[in-house]
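Every chain is named by a letter (A, B, C and D) in the order it is written, and numbering of its residues begins at 1.
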């Protein structure tokens, strides 16, 4: 392997830069040339490439976002497009590709190798924690801490007033962030896509907590389950006092990555190059029991990471 | 002066606890007894009082919110209610009152002294920075830093995608927070109550910035000017790409107070007791040119703090 | 099991409060009474006990330190003392004990059960990450993030001057924190107890980096390997420019726990009570591959967690 | 004025980048060309210049340190050297200079104009807050918040043990940071250059606090008054329990600047260019009563900013 390329694709996640840095530096240490592809698959098709070396990834590890930028590229679902992509990579003498991104991006990676025979290694980067077979994806830990900090600020003010606070967090199909954030901040309730919401029960729970003497009330809602406004509308007349809304939005994708995400990304970046170097591809780097291991694309992508329901129970038990 | 009371009223603001601590400890050092009134004017009417001493305010300075809690008390606009409040204070032997809060709370304080002859000193505590005659109110600095941190996180991700981000911040009648937060984060535009919004011009500005090569776009909106959703709806078809919403809500009222707010609150708390001790009341503690000075309630409350328009210009000039 | 006790012992670690909260609340949910023992084994011997209920652990999860306080209790190495402790527990009708702490504290716990037949479950809480058989101990993640934030601040200024910065971090017998912190901040070098320091080689490495064009230089030193002053003295004349010292000290034990530590602590607290409830003791709760499992005291304590040397290599490869 | 230069000099301070950004952008808006001088006066003499434009200061406001880097340049005390500097500036057609730095740097600036007739405007940037005639210098607010965060973490653990913590902070000739940080964290004592330390009295104070029931004890020491180790040595045998040391060092110079520092720096940067544009020089931008005003170099530099002793009293009164 003489030359590889690296890209970030899909929604960005904190820690992606640490992964890019590790890919580039470990490759350079192994005398492999690295090309950075800007703006994901879209940039691949536009040949938006930059040469990367040891120095070009200096001082990026601590930055949120991705220096290679990212984009969504719907046309990559077409086989024709992927064929073109493979031709471009081949033209540039690129023998292997590292794709850092979420489920959609890894699907693109899988097809690129399966059909076009481009050796690809994937790195799971998404704040949603919805990728199977890896204990954690890059960005989840930072995102969680951002959400926890925000809710903690709400609790300061929540205990000064008589109000319910509804916080909408990310999680289109997964309630992981809402559940863990709710659990570790002692939120009064969570609303997640995995469990149909029962507003009657929710309202009663809140009223009951209040009778017990609780003066603050925080409900964490995953965007995939309902909007904060919908929850507020359903609750207000049931609980008889005002609600206030916070929608964190994309601040959940930003921020300097935590130590955990930087470490995970560094280890996965090194592993990705190591796999390519020894001729192993069609795999994603995964964290399993503290170790980084390769897992096959087709195995990862045929399943959905399901939420550990014990966490949901804990949230109810401990708050 | 043998016995005074202290309360927090209206919307809470970070630093209120530091003010309570300073009031209590400075009073105790001067052999003045202190009663804490819980839940503002509502708690006054309910005689929801607690005795406070040196130890009861230990470890509270760093906490957001207010340990005395707060509430809105609409019935306090009635003279009858204020008469009742004065009678309660008198019954408890309370000779002076310190009210920490925003404009509405200070109005209540003014009438309480004017009509009922209760000696009151006010301390300006509100994140809105809309109280006249003081350079800053307690809570503004912390709130600003919370907003700036959030927008900074957005900028990480903003520069990874092609999107416009609309951030709604507090400020019902004042654009101070939106303006300064926009200025110090280099936001592309601000929407504030002081200036009628022109969506056509706003859209054009964003398009022009983009032609100049800017890849991120952040618009900071004060809640008093428009909702983030309204701004988004007006912009999307004009700029031709997607927008994303963040509504910070009450997280802006929380958080451990900054060094500035703790210092300001400590100095104002001490000054308030000092004024009462020397027989000066019907005043608010104010920060003017680095010094804490007393300003008369009637002078403060007859005016509105207007936004320094140079800050608005700076935002446009430097971004 | 009708009544249990919980204590924190040894050096405190962020997240201990989340563990206490989980122990108390999960016990209460299972109709088990909980006694809080203050100041660890010393408090046990003094019968410094408080009754705990659902409300008494409200709002503590986010706090650093431990509300039960902690202490070192050297006399607990004596069998006589442990016999006394068992008698006290028995007198109070306490049928099981949860001990949250580091290696020394868990040794005490082991002997208490082995000799005195008190059912004990341990929870690993220490920032050193030196407890075997568990992937992580409570407090490590928070500590790492504190160190990383501090070093990141140094990097700002380091790149503005021509100086070397020596940062001394915790780790009496383990270089884990120094290694990971060095790795995820791109520090130029680490000095850890696991590897004898060679100042000649260290000086040469720094000089070489500088020739490559690096303008900042940060060396992270574990307290168990050398003091920052010693490292500085050895380096200054070798590298020919000034060094500056930072000693983080006990700020590494403080701070609001991260999401990770709160989650880990909550899960371990629940597991500890669950084990006692079902008659399982003489075990420590351990994190293995994402699951909480019981591991026997004698197995945990006969080994030492050794540092993953791959991390040390990564630090050198990527910086 | 067609062309000006900007530099940062001496110890760096958070917010310097915001000042550079404002200088460059406001100059560009006024059709004035800007040259960035790297590494302060040393870089001036080496003609280490870079052309700056609107884009070259994008995304720097939030960064600690200074993108122009800084250095100390002892030879600038010589008149010959300053003559050379003036010749270089003239050769490059630079008609005005903005110097961002502390007292030493402003002295250089003053002589450069006085003797060599180079129009210079100074901007006070130093974390020490020791520059006269301005309420605040750039960097002080960020530094204070960094110190406060660190001490707050110590307090978590301090209240878990029986120990005294000695924290050494910056302040060679000024106790401002130690005093305010001590005041707003409720530290038990401060040791500052302005007041000769009496270890006997300090020890007694700590013992007395302890008798009152305080379990934590934090002493904040300005580096200019004593080293943390000296204080520890003097205290330990007097108070009879252990001390622990934290030396924050240069982390106090780093970190993303606070909203306050960014705003102050932005306003001062704009003012500096405005002064040069209208032919006003030999002045420093100063914050007085919320306004930015020009003050003459000779007036500023003939005095020393003295510490407000009321703050010292407050620290004692309220803790």
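Convention: a contact is a pair of C-beta atoms (placed from the backbone, for glycine too) under 8 Å apart; a residue touches a chain by one contact, two chains touch by 3 or more.
Labels paired with UniProt names: A, B, C, D = ATP-dependent 6-phosphofructokinase.
These figures come from a predicted structure and were not determined experimentally.
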item: Length of the shortest touching-chain route, chain B through to chain C; value: 2
item: Farthest chain (mean CA position) relative to chain C; value: B
item: Chain A and chain D: spacing of chain centres that average the CA atoms, whole Å; value: 39
item: Mean-CA-position distance for chain C and chain A (Å); value: 28
item: Inter-centroid spacing, chain D versus chain C (mean Cα positions, whole Å); value: 35
item: Where chain B touches two or more other chains, by residue; value: 152, 155, 159
item: Which chain pairs touch, all of them; value: A-B, A-C, B-D, C-D
item: Contacting residues of chain A [partner chain B, same complex]; value: 8, 12, 14, 63-66, 69-71, 146, 150-162, 165, 215, 244-255
item: Residue numbers on chain C that touch chain A, as the complex places them; value: 18, 21-22, 25-26, 29, 55, 58-59, 61-62, 135, 141, 144-145, 147-148, 152, 155, 159, 180-181, 183-186, 213, 256, 258-260, 262-263, 266-267, 270, 288-290, 314, 317-318
